[in-house]
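In this document, chain identifiers A, B, C, D, E and F correspond to the written order of the chains, with residue numbering beginning at 1 in each.
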Amino acid sequence: MGTNQMGVVKRNIERADKATVEKLSRFGVATVHEAMGRVGLMQTYMRPIYAGAHLCGTAVTVLMHPGDNWMMHVAAEQIQPGDVVVAAVTSECTDGFFGDLLATSFRARGAKGLVIDAGVRDTKDLTAMQFPVFSKAISAKGTIKATVGSVNIAVVCAGALVHPGDVILADDDGVVVVPAALARQAAEAAEARENNEAEKRSKLAAGVLGLDMYKMREGLERAGLKYID
Amino acid sequence: MGTNQMGVVKRNIERADKATVEKLSRFGVATVHEAMGRVGLMQTYMRPIYAGAHLCGTAVTVLMHPGDNWMMHVAAEQIQPGDVVVAAVTSECTDGFFGDLLATSFRARGAKGLVIDAGVRDTKDLTAMQFPVFSKAISAKGTIKATVGSVNIAVVCAGALVHPGDVILADDDGVVVVPAALARQAAEAAEARENNEAEKRSKLAAGVLGLDMYKMREGLERAGLKYID
Amino acid sequence: MGTNQMGVVKRNIERADKATVEKLSRFGVATVHEAMGRVGLMQTYMRPIYAGAHLCGTAVTVLMHPGDNWMMHVAAEQIQPGDVVVAAVTSECTDGFFGDLLATSFRARGAKGLVIDAGVRDTKDLTAMQFPVFSKAISAKGTIKATVGSVNIAVVCAGALVHPGDVILADDDGVVVVPAALARQAAEAAEARENNEAEKRSKLAAGVLGLDMYKMREGLERAGLKYID
Amino acid sequence: MGTNQMGVVKRNIERADKATVEKLSRFGVATVHEAMGRVGLMQTYMRPIYAGAHLCGTAVTVLMHPGDNWMMHVAAEQIQPGDVVVAAVTSECTDGFFGDLLATSFRARGAKGLVIDAGVRDTKDLTAMQFPVFSKAISAKGTIKATVGSVNIAVVCAGALVHPGDVILADDDGVVVVPAALARQAAEAAEARENNEAEKRSKLAAGVLGLDMYKMREGLERAGLKYID
Amino acid sequence: MGTNQMGVVKRNIERADKATVEKLSRFGVATVHEAMGRVGLMQTYMRPIYAGAHLCGTAVTVLMHPGDNWMMHVAAEQIQPGDVVVAAVTSECTDGFFGDLLATSFRARGAKGLVIDAGVRDTKDLTAMQFPVFSKAISAKGTIKATVGSVNIAVVCAGALVHPGDVILADDDGVVVVPAALARQAAEAAEARENNEAEKRSKLAAGVLGLDMYKMREGLERAGLKYID
Amino acid sequence: MGTNQMGVVKRNIERADKATVEKLSRFGVATVHEAMGRVGLMQTYMRPIYAGAHLCGTAVTVLMHPGDNWMMHVAAEQIQPGDVVVAAVTSECTDGFFGDLLATSFRARGAKGLVIDAGVRDTKDLTAMQFPVFSKAISAKGTIKATVGSVNIAVVCAGALVHPGDVILADDDGVVVVPAALARQAAEAAEARENNEAEKRSKLAAGVLGLDMYKMREGLERAGLKYID
């Protein structure tokens, strides 16, 4: 759902810098979300339209009314290479706001993909194009072009606040929003986590228990855990 | 959900003509739904049980009570080659009304597939058979054979009205019902749309914006859209 | 949801015998559920995280509070080769209680997979590991380690009662719980059903109607079914 | 959801006769639904906006697009005293399509109430007016007036097929549709049921068991029921 | 959902003692649930059919198949004064399994009310009778009498395990199950909690902060909480 | 769901001015939402815990983790007379984060009510206190006090962005957020709308059609609407 005024297109937005986006793209959503302190995740109903879809880029946001995708065309003009379009609707709607024609246009502008809190269609074509989309629904139902919304304002998409220029990272585990100002720090924290995990993984694979590796036994006892036979 | 009286099997139904069904089968659900004026789509919770499932055929309808699939066997006898069984239940139910044995029987009768506003099971076998099913749920739970319903009456399936003999088209984007009387006209309109889309697609791929191709800029301005920096 | 007291880990549980588990593993969930008299099925929202995931093993149960996966590490120590961890939460939660590190640990202990009435993450890695998981949700959101729950108590998971040591069987059609005491009998009944189905299948494939094969016509007429033209 | 073509208003519809509507209005929804053979019930998410709301009248139908209530005004003109407006939307939408101004207009035309598979607003005012509404949602969100739908075509509302002129009966137990052609017969069957129930009620109140009153014991035993201590 | 074998009625069950049930009836569900260590609560979709409904009694359990309420009549015979019927269904169903006739019968047997993981009807009459019911749905749709289930076996109702004879307590906050063996202890713990709360309430009403009353400030600081201006 | 960093309490926030809040409190949510251009509405699942509950005040925000209400006590200290606490959780949770003790404390601090995207309990007491709460769920399940969240940061609550100090208005029609900076303008627009509605209402009550009053006939014809008999 959107956050404020309608009928506005902001042309100049500040995008997270490309090097940071590239660095973030190397990590999974779970790692980045954890690195950020467990905030910024969209709701779990947002799913990729094909297995293996993933994307990372800077947000161009669009807010529309239910059943009306006019602003998608307005958003297309604001896309720069490396952007991800993040689409919100003013109330719940599963209509197909996006299909293969818009995907062709978005890709021609350099878009990395789409995240939409609504429905999309032409999923067979989108899959053939390998154009990654994360959506709430799949629906053949088309939309009209009658009311204006906004482009590049702050929007709430699937429960997460997105500002234009934020980094959007999506994979099999969901969609996370990294505010542009925190992107570098998040990338570094993610890298640190990942380095840290390799060693843990090999210990666990060797049969070491998390109880011992993380030294949990004392804490559990203090918390009152009892073993019985 | 069903629409009227129970305990009736209609043997002679008028099916949409084969040439039209064949023509409709060449188009996607989104195209046909659009061609029909955006009516006749089932709700978006109807999903294929395997990726890539699609079907096109004439409806044999069946209305059952929750947890009771007796009428599926009655429906089997009414199937003619090229039919799609459309199954509705008098109230919401996720039980598995259909599995590999019924699929074997339906296929032997010439059925093209099943659309059911309830659950199915044996999905691994159905996938191996490449027997297309669009359903609300997958459930191992079997059903009883105790109460009669009806076959080949008008039914409401996943929010769409289906008369026996209507054309049912289903793919990754959903399930659409084309009334038999409108089938030829829908096929022609779908064809016209598709021819029209190829040119649009190549323009958009070349970077032309929908804003310009569809001449939207003036309308947007009149609707009050403002650009800011 | 869980069934009784918190803060307890039961170390010695009686598992269904290995030969019976192995025998049950040859059948599908639909067959076994039917063989048991249509009881013991988890709700249909429990889905495999990758196509084709299936598992069969003896239950190690764990009950946790929402957003807290501390007890997963406690459960890991109780796993014996051939076990399936069955995880319940005291109230609805979609957080990711489980990821690739825990999967590595569980596998090192000999676990056959996980059934969890909550979310999991790192699904790409879990798929690459072919570690079967049946869950309610996929979520990148991690959990804390602050409150104790229990291990190897009776739990309610997705609507089904699970005692430690019960046989858990899961495939594309869902998840069924076979109480340890009934496992042998269920396996035999499943075998009988399956033998019985081969003959039915070939008759149906040859075009024999279920109406005739199951001798339903008289019953339907008695129940009031009318044929009209 | 709607059933066919858009952009049409049918002015002359055949309404169920007033005496029959009046007779049906004396019964509860459960009684009438049962009398009709358990068909024609809307889905259970349709709820009255205030406790005790109930209505009975002849349907004026309206089909709209999501977020667009233009056709409500078109429908108003078609209302005759004793009508109930039945509103469907081409895809799921919770927006508030109806509020106190439209209720004032509908009442001035003689409407008995509204049944809508979407949202309504101004519920405090509607309650004060005692204008009965059965809806899927309550939402303050207003709608636009940009696209045409249809009035007095067959519509699917909350899973039930409604033709203009059908009798609509709604109370605490839900909403049932009685086709105009079956209304008299349904009213008579409902009356018979109700007469029949008074005697049953007094027997049950005196402690007679349904098992004995309905002579169920033998059937249960034949069905395999066992009593244990 | 149910837990084990079908077709069985257990006549002699051990009920929690009357004095304890009476004592538990003085407390709210939230208090008792807390006193038990936060286990045994049914899912939050279980709601009273009228405002202010509440009940407390010993469970007579019944397990039915979807759309079939035959066993309700069997359960009626097993009711003793002070019992609450707890009804589960083998898969999700919203049909109306219970109405005013059964309520009349149950009340004549001394039942305190009904808790059902399905639908009920005749809610206006039930409200007039002040017969408390907690259910998942309200539906006018009736059921058949064709298949046997069980009475007084362990059932899973709305996510909670219920054994016959357990104490069932329900009010505006939900439904909690107190195992018979733990009932006395739960009643005492609830009493202790309640005595404890009066003092807290008056302190808080006087403006004392929970931060101070519960001495939370140090813990919060240790957990890293920062105050900024 | 929350929007950014955890572990922070902001003490000094800028609240919308009291006169404007008081002015907004005279209007309904539907009127204010419309006056703002149809933005800022929370999702429709947010419902009052008792009929007639309504509130208007300035937001004190709190972000918590699922199952953990520790920060509610931290928020209590930040409440000033006229505030409404707006509570968000980092992932979906229905637990009862709030009951009569916290309500007593909040009221002692001058709070006007609570809006929470989670569950609450003790609803009977809250109703007796006439302490207005709008929530997603009612649940007896209590929470722990183990993890820190934040107070007075921007949060996303039920799909709407809320900054501390914004005006929160809630009644039977839902919950709307009015950004502090736009509050005066929204109040004036609401007043203008309301004045405008009285005249419309009396015209409609006199039988004037919206079609004529709003001069819609020509637009409808242009849009293609056809009348048939």
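By definition in this document, contacts are C-beta pairs under 8 Å (C-beta built on N, C-alpha and C of every residue); 3 or more make two chains touch, one makes a residue touch a chain.
Note that this is a predicted model, so its numbers are computed, not measured.
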item: Co-neighbours of chain D and chain A - touch as defined; value: B, F
item: Third chains touching both chain F and chain A; value: C, D
item: Chain copies touching (chain B, chain D) - same or different residues, decided at half shared; value: same
item: Comparison of D-E and B-E by number of C-beta pairs in contact, larger one; value: D-E
item: Identified repeat of the A-B interface (over half of residue pairs identical), from A-D, D-E or A-F; value: D-E
item: Cα-centroid distance, chain B relative to chain F, in whole angstrom; value: 41
item: Separation of chain C from chain E, taking each centre as the mean of its C-alpha atoms, in whole Å; value: 27
item: Euclidean distance of C-alpha centroids - chain E vs chain F, Å; value: 31
item: Residue list for chain A, restricted to those that touch at least two other chains; value: 38, 41, 44, 51, 65, 90-92, 94, 139, 141, 147
item: Pairwise chain contacts under the document criterion; value: A-B, A-C, A-D, A-F, B-C, B-D, B-E, C-E, C-F, D-E, D-F, E-F
item: Chain B - residues contacting chain D, complex; value: 1-6, 37-41, 43-44, 65, 90-92, 154, 156, 159-161, 179, 182
item: Chain D partner contacts - residues on chain E that touch it in the complex; value: 7-12, 51, 70, 72-74, 76-77, 94, 96, 99-102, 104-105, 107-109, 119, 121-124, 127, 137-142, 145, 147-148
item: Residues on chain E engaged by chain F in the complex (per definition of touch); value: 28-30, 33-34, 38, 41, 44, 47, 51-52, 171-174, 176, 197, 200-201, 204-207, 209-211, 214, 216, 219-220, 223-229
item: In the complex with chain B, residue positions of chain E that touch it; value: 65-68, 90-95, 139, 141, 144, 146-147
